[in-house]
Each structure stands twice: as C-alpha cells, then as structure tokens.
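Starting off with a structure, shown below.
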C-alpha cells in the first residue's frame, strides 16, 4: 500500500487530506497521478499534472519520475508560503 | 543548539528571548525576527485580509526547519537558534513566526536570522490561505521570496 | 516614528517589543537586535571582563541616534524604530543595547536594524571601558566596525 | 567664555570632565589645545594633539581648524565604542 497525502489547495481539490492506494510495480509519483485520472476530482489531477507541486516520499523530496516502494508515504506539496 | 517549535498557540517574545539566552550564555548579540499577519493583500489595495489559515506537513516541517538552521550555522556560526512557527487560524495582527539567533558577534546573528527566514519562506512545508474581502485564496510562493533565497546561493 | 532612550536602567524585551508594535500597527515584520556585555576580551583569550563602564555625551548621543535612524529610514523605509542604549556600570551578561525596527516587509526591517546598529557603533558619542583581569581599558573603535559602516556607504 | 568637555580617557587624563576657558579671537580647537600645553596634564594635550579625537561645537561635529565663537560648548571626543 502507498499512503498519499494532499496539502493546502490539493487537499481541497481532493476533498480529503489523505488516501491509500495499492502499490504497483515500477510506480512513480507521475504514474500514480495518471492512474488517478477519472477516479478522483478532475481539479486534483489537473493541478498535479500541470502545476508546480513537488513530491516527497517518507518526508524526503523526490522527483516526479523516481521509483516508489511499497509502504511509502507520498506527499504532494503545493508551492510553500510559510513565514 | 537549535530548537524548532511548530504549534497553534501564541508565543511570548519575552519568554522566547529568555529561553534563547539560556541556551547561549556566551553570546554577545541576539537578533530576532517576528512576522505578523498583515491585513493587506500583496498589492496593498483597499481590500482587507480578515485572517489566515496556516497548514503544514507535521514532522517534515520540523525536519526542514532544523536543516535550514544547520545550513545557516555552517555559513554563519552561532551559539543558539530558535524557530517558533504557528499554524491554524490566525487573525490579522497576530504573530505568525519567531526566528532568533544568538551569536558571539552581531554580523553572524543578523546574517543567520535572515538566512533562516528567507529559507523558511521558500523551503518549508507550510501553506497559507488568506480569508478576507476577496474570499479564500491560497497564497503562492512570492517571486521576491524566491529571489531572496537565490541571493544566498550566489553569494 | 523614531524613539531613542539613553538610560542607566535595564530594559525588558517584552515591554520594548509591545511599545514598538503599538507604534506600527500595519507592520508585518519586526527585527530586533540585543547587544550583551561579553565576559571575553576581543582576542577571546582566557582573560575575563568583569564589567564595563559606558559613558556618553548626553544630548548629542540622542541627536546622533535619531539622525542614524532617519538615515536608515531614507534607505530602508520602515514604520517605527526604537533604540535603547544603557550607560553606567554594566556587569558581564547584562543587556547593553536594544535596536528594533518594524516595517511592512522583512527585508527593510533587517536592513534598517543592521544599518542602525552599525552606525551606532561608529557614529554615536558613547564610550566603553572594560574592567577585568587586564585592569581598566578604554575600548577603541574596532576596525571591523568601521568596515561595517563603510559597506553601507559603498553599496 | 568657552565651555570645554572631555570624555572617556580624555576626562581621565584631564582629571575632570569639563572646564572653562577665556575666548580668544580666531580661536580654533587646535589653537585652544596648543594654549593648554604646560597648563593641563601632558597626557591630555599629547592625546589631543597626536591621537584621533574628534571635536564638536554645540553638539555638532567640526574640524580642528574651524573657528570657534564666544559661548561655544566645545567637546573633545575619543573614538566611539558604543553598542
């Protein structure tokens, strides 16, 4: 299983702040989002595929095409605006 | 000595200062930054922000802030640093963030505090939504904040 | 709004912060500097400073500090600035000076506070005598303080 | 009359923090100090003539060869070390 976290506007688009997905061989953040198209709100996949969100796996920043492992916690992170 | 506290409740400047000083008994210089919720939008029009809502990635935010403070210490060695960042609903005028650095010399204290603030804006998993006369709007990363960070990488 | 206070008695950081904020209700960023009496001599040897004695030219010091704050405001516009500088006998570890600037934006607050501190060191009629294991010594102007001031004139 | 103020180490050399001098025509800070030689402690005139003290008249910085006026308050200022 992969635990997926959404933050800020992405959580609003998703209507939730987290979900769980079945792990698939050779899964990457990009392939995961593509597999969500049509299943989750269109705003969410549009934002993830076309906007500038970043991705973390287990609290470490990774690239959109990095391989994921079963059990990972994957977080989609919109541009930061703290401080 | 680095201390990071991401929390909902407010902070008291006098208490935070005392805590920092207790961690840095040989320091000769302390620099603090306090960020407050402004009631203005970025374009400074007549519209007003009523409050902001700050969310974050609990755990990762603390790790990133700690890492930013360590990087600051490598460039501008200091005795102690302290970061308090509030999350949740914060009214206009409320305190958002406290960054303080105690050092032997003032130049390092100023530089480290500014470095930490600049990176906190661009590299920590915190998100701000403005709620006011323009409705609810997530704040994007500001271009001048990105430039502030770039300045450190080029110097 | 500029406030200058040259005095013998100690200052409380929480009170000074509250006072500054009350003068700058629209500020989004506050930067403070606190300078403390170090127990080390400038060469950081094993010798120890017991206390310092600070004297000044009453009247002229206030005028010069006000002028430094005005120059900072011309380069880095801010909403309010506050300078408290103690004089008299101050033990190692005691607070000497408080400089705080409240501004709309953090860059100006950082720059103005640092500008004021740098010029306060080199351009205000204040004199420090160190008393400790090396006897009594008047502190001369430090070369790196002069360079810090020059930096603002060249940029 | 000219009121003269000494600060920091200059006050220690002088053994006092102020004194009064008769105003003389065309008086400058430099001519005033030269007229003090032999009258005040040698350490004081040595420090003033050879060191890097600055001068203020009525709380405004002036040059060592600027003319003074009767009634001026003249202050000799060693290098500053506040903050």
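Every chain is named by a letter (A, B, C and D) in the order it is written, and numbering of its residues begins at 1.
One rule holds in what follows: a residue touches a chain if its C-beta (ideal position, glycine included) is under 8 Å from a C-beta of that chain, and two chains touch if they have at least 3 such contacts.
Note that the coordinates shown come from a computational prediction; the quantities given were computed from them, not determined experimentally.
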| item | value |
| --- | --- |
| Intercentroid distance (Cα basis), subunit C paired with subunit A, Å | 49 |
| Mean-CA-position distance for subunit B and subunit A (Å) | 26 |
| Distance from subunit D to subunit A - Cα centre to Cα centre, in angstrom | 74 |
| Two or more partner chains touched - positions in subunit B | 35, 117 |
| Pairwise touch network: line, ring, star, complete, or other | line |
| Interchain contacts (touch definition) - all pairs | A-B, B-C, C-D |
| Subunit A-touching residues of subunit B, taken from the complex the two chains share | 35, 54-57, 59-61, 63, 85, 96-97, 117, 120-129, 138-142, 145 |
| Subunit B-touching residues of subunit A, taken from the complex the two chains share | 5, 7-9, 11, 56, 59, 75, 77-83 |
| Touching residues (chain side subunit C, partner subunit B) in the complex | 12-15, 17, 21, 25-40, 93, 104, 106-107, 109-110, 113-114, 117, 144, 148 |
